[in-house]
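First chain written, first letter: the chains are A, B, C and D, and each begins at residue 1.
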Amino acid sequence: MNSKTTEKDIVIDIQKIKNDFPILKRQIRDNKLVYLDSGASTQKPIEVINAHTEYFNQINSNIHRGLHTLAEEATNAYEKTRTHIAKFIGGVKTCEVIFTSGTTESINMVAYTWGEANISEGDEIVLTDMEHHANLVPWVMLAKRKNAIIKRIPITDDGRLDLDDIDSIITEKTKLVAVTHMSNVLGTLNPIKQLAEIAHKNGALILADGAQSAPHMPVDVLDMDVDFFAFSAHKMLGPTGVGVLYGKENILEKMPPFNMGGEMISEVSFDRITWAELPHKFEAGTPNIAGVVTFDTALTYLENIGMENIHAYETKLTAYTIDKLLQIDGLKIQGPNNSINRGGAISFTDKNLHPHDISTFLDSKGIAIRAGHHCAQTLMKRMGTIATARASLYIYNDEADIDALYDALIAMRKYFGHE
Amino acid sequence: MSENLDDMYREIILDHYKAPRGKKPLEDKNVTSDGHNPSCGDELRMELKVDNKNNIADVHVNCKGCAISVASGSMLAEFIKGKSLEEVKAISEQIKKMLKGEESTITEDIGDLDSLKGVRQFPVRIKCALLAWVTLIEGVDKFEGNGTDSSSTTSTE
Amino acid sequence: MNSKTTEKDIVIDIQKIKNDFPILKRQIRDNKLVYLDSGASTQKPIEVINAHTEYFNQINSNIHRGLHTLAEEATNAYEKTRTHIAKFIGGVKTCEVIFTSGTTESINMVAYTWGEANISEGDEIVLTDMEHHANLVPWVMLAKRKNAIIKRIPITDDGRLDLDDIDSIITEKTKLVAVTHMSNVLGTLNPIKQLAEIAHKNGALILADGAQSAPHMPVDVLDMDVDFFAFSAHKMLGPTGVGVLYGKENILEKMPPFNMGGEMISEVSFDRITWAELPHKFEAGTPNIAGVVTFDTALTYLENIGMENIHAYETKLTAYTIDKLLQIDGLKIQGPNNSINRGGAISFTDKNLHPHDISTFLDSKGIAIRAGHHCAQTLMKRMGTIATARASLYIYNDEADIDALYDALIAMRKYFGHE
Amino acid sequence: MSENLDDMYREIILDHYKAPRGKKPLEDKNVTSDGHNPSCGDELRMELKVDNKNNIADVHVNCKGCAISVASGSMLAEFIKGKSLEEVKAISEQIKKMLKGEESTITEDIGDLDSLKGVRQFPVRIKCALLAWVTLIEGVDKFEGNGTDSSSTTSTE
């Protein structure tokens, strides 16, 4: 990872990258696939696909406790990814990295364990008006169970957090601030470090939902000083069914376990059960071993390009995209209208057309975007819309993809008679 | 396969979408029924005036949604006006079957409605086409349940 | 699946099968791998490995809600597996098949949702003395939280359930009977249908842990009349990170959801949240899509051989294995000494050697077995041992593998001076 | 690589395993320490007689476990007899480091103990070799804490 990259340093060999992703050669309805749905899930480079095959051809075995060669190799490969992640997110301890099945499980794990043990009647949990359901429903339901109170940081009309009244929102009553690092709908990047400071000053913990940030930029959980950080492998070139929960050691130590079963216990009798050490306490049963092992290759692929480079490249492409979309009459960007402090999840609405019609039409041109409420119904309400169309970018996208999107949107307005 | 696209957005559907029928709210209604697809965000309000021979004297449909749900609602408004509740219920069930790809026994000429068939190739959009019909059935059921002004909310999900 | 198979009908082309598994060509410490650890996790045939690659090369996308071609294809492929499983376990409704990350999560899901809602102080939960920690720790902890009572069905010295006093164990106080269909340590097959009848007569539900049975024999949850059934894909030629929870529709309907987030809600506001229909209510967030899709191919592979055939073949090989092991002085089979009503998980102990030494020695000959408590510490205590060595069989094993095991065990006793 | 196997199960280790030293329980002990590896099921009881010059006058080790944990306990019994608590603590820390692959500064001749190095190639077995040493440290700590008869339970997991 480069420490600092200016625009002219951006070295992305986009043709090489496109070639690394076999699916991008696919034809969709007679057009070459233009994949602009990476916010939902990214495509996988051939290295990752091969690593998965290699694992099954050479190593496949259950891990831990096994004394034979395959079990040991599988365990080493599995733990290698853990070490890699610990470095990737800023150099934390390996015992602070817990494998889950995805961001959703990571956040639910905190709600069911830390939340059940620490939230009481009258306590306050602070969310924002731009949370994904994964970082909203668990807290709303926890608050219901505990008679706790949900407070929300509002957003401005252009989709930024509005921190004007933050001192009346995060107070000494606050037990947890749960906030997305980057909005999956608006693209907005939130000032996590600043919020962490405010939370800690008030004696609260902070959880950052990194599902949309970890794939696209350097992440340093120590510098941000978050207590929990959650993300998913499938949104960063990795396999499905693998996620991460980072938690500070002293907090994880005190948390009760979540799922219970093999590997997460030390001693079991019908009267007394003791838990295994971190991180195993939180990894019950056979994990997604092949997935975790493969994730290592995805991280290496990203690091070879460089997370700073990726962020810089995507920022440039985001600016290009916003610029193009704003040239289309009747289209509105839902979220920041510029590329400052935002990522490449770009939502838009058409004053005449429902996002579903937009998506169906674009698909007929081979362009994959997402349309709907993006698991953010409360945000939709705030934006005064029922759904948006969303193009979301990654390292395998280029200006040609955006030009194809632009042309298709023009053709669409004609098709539906809204020229 | 741009044909596919034209299969769904047939000219007749785009025509209904661009100029929906039954736009005018009724002054004198005895059924109000609201439909809703949370995952799409589609919302539909339907008003019926049922006369004392149990025929549908007038219909109003207001749909905020995609082209398919709007067109489906518009076709419904056009088709059911003047029909008896009996006929309307029967055809609604048949349209539901047709959209879901089950065997339907439609023999009569259903006119524009036939064009909804194209939606079947887009499974996620079927519920859009269904919305108006499900809202209608719910409204009629409620009407028959109490015989007077009735309102209800339903969803195709 | 054949309805009835007599011994002479068994048609297993063992050479073809062995060839289908690339890893079986691997050399371990200069010996060809002899894999006898399928009870922990099975190897994968080339078809399954290829299906996984194909998914990433051609279809990969997030599912549901997506309106583009890839999303639709991925959704169809994902739901196809659900339909397949519904048939595979006896012809249940697709809405009764819930995808989880494994047996462990399946069982924890029931404990956290049905258990939290239905178990009260003084209620009784009936387990057995041969449960895997995955079907023991969640219930013991639930009982602790609720002041409920754990009762156990004892086992006989040869590792069968002892049902003599069953009427005093399962009573009207019983709310749940949670029992393994096949023991991962002893190999014992338990009379689930009979237990279900007794449970239901007493107004209790029954959960069967099918982690070790579903891979090896025809399973009909309707015939057994179980309320819940849990199993893992990775133990039946499928990927890691995929499991199934079957539950009866009317019971699942009434259960609150488990993890919360995207896909499992219908409508969300800060005041009111409504859940999606079954099975989606229990599948929060992005599932292990690639894994679920690939599992379909694993099931087809098994069905092409035939579950009856598999069971018959393994029964024969189990008899052969037991017979061979009993020829070795000082070795004791922990579990039934014959192949009647048991599967091919064969535990043994040596009167002089710790199982870990057995396993390490066998590994030096390329033979992979498991040694330890097998996540069944309470069973170990009951058997009066601290650990066992376990050879566990699958369709790619044959008599030559068992002969290799036998020869190595003889060599081992010599090596450690216990001839 | 059967060499590997012989690396771990060196002749000297098998020798200790087959005839463990310190087998006899002590009549006159002032430290009892129990060790335990739940995942292996290994159990070890250690008894020490510490004389009034703080030297270890006698040792008893009883280990129910694998060849490695038994041999490691036997070597320990042989090695520490007659040494001072000071020396014993120092060597225990060094053996722990050696087993974990950290840099150790052992200069003296540790005799048979050197053969435990081979275990490092079998990471899951390291805790077996550690058990006796960790149990010893725990026992000595307790002894120094209260100066009289002390007992404790510990684990390497």
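Brief remarks follow.
Simple rule for what comes next: a residue touches a chain if its C-beta (ideal position, glycine included) is under 8 Å from a C-beta of that chain, and two chains touch if they have at least 3 such contacts.
These numbers were taken from a predicted model, which means no experiment stands behind them.
When the C-beta pairs in contact are tallied for A-B and for B-C, the bigger tally goes to A-B.
As a whole-number value, the distance joining the C-alpha centres of subunit B and subunit D reads 81 Å.
For the pair subunit C and subunit D, the distance between C-alpha centroids works out to 39 Å.
In terms of their C-alpha centroids, the spacing between subunit B and subunit C amounts to 48 Å. For subunit C, the set of residues touching two or more other chains reads 29, 65-67, 267, 356, 360, 372, 377. Contact of a single residue of subunit D with at least two other chains is seen at positions 38-39, 122, 125.
Pairs of chains meeting the touch criterion are A-B, A-C, A-D, B-C, C-D.
If you check the complex, the residues on subunit B that touch subunit C are 38-39, 122-125, 155, 157. On the side of subunit A, the complex with subunit D involves touching residues 65-67, 72, 266-267, 274, 276-277. Listing the residues of subunit C that touch subunit D in their complex gives 29-30, 353-357, 360-361, 364, 372-373, 377, 380, 385-387, 415-417. Within the complex formed with subunit A, the subunit C residues making contact are 22-23, 26, 28-29, 33, 35, 37, 40-41, 43-44, 48-49, 52-53, 56-62, 65-71, 101-105, 107-108, 111-112, 132-138, 140-141, 150, 152, 232, 234, 239-242, 258-263, 265, 267-270, 273, 284-291, 356, 359-360, 362-363, 367-372, 375, 377-378, 381.
Against subunit C, the residues of subunit D that register as touching in their complex are 1-2, 4-5, 8-9, 14, 17-18, 38-43, 64-69, 122, 125, 128.
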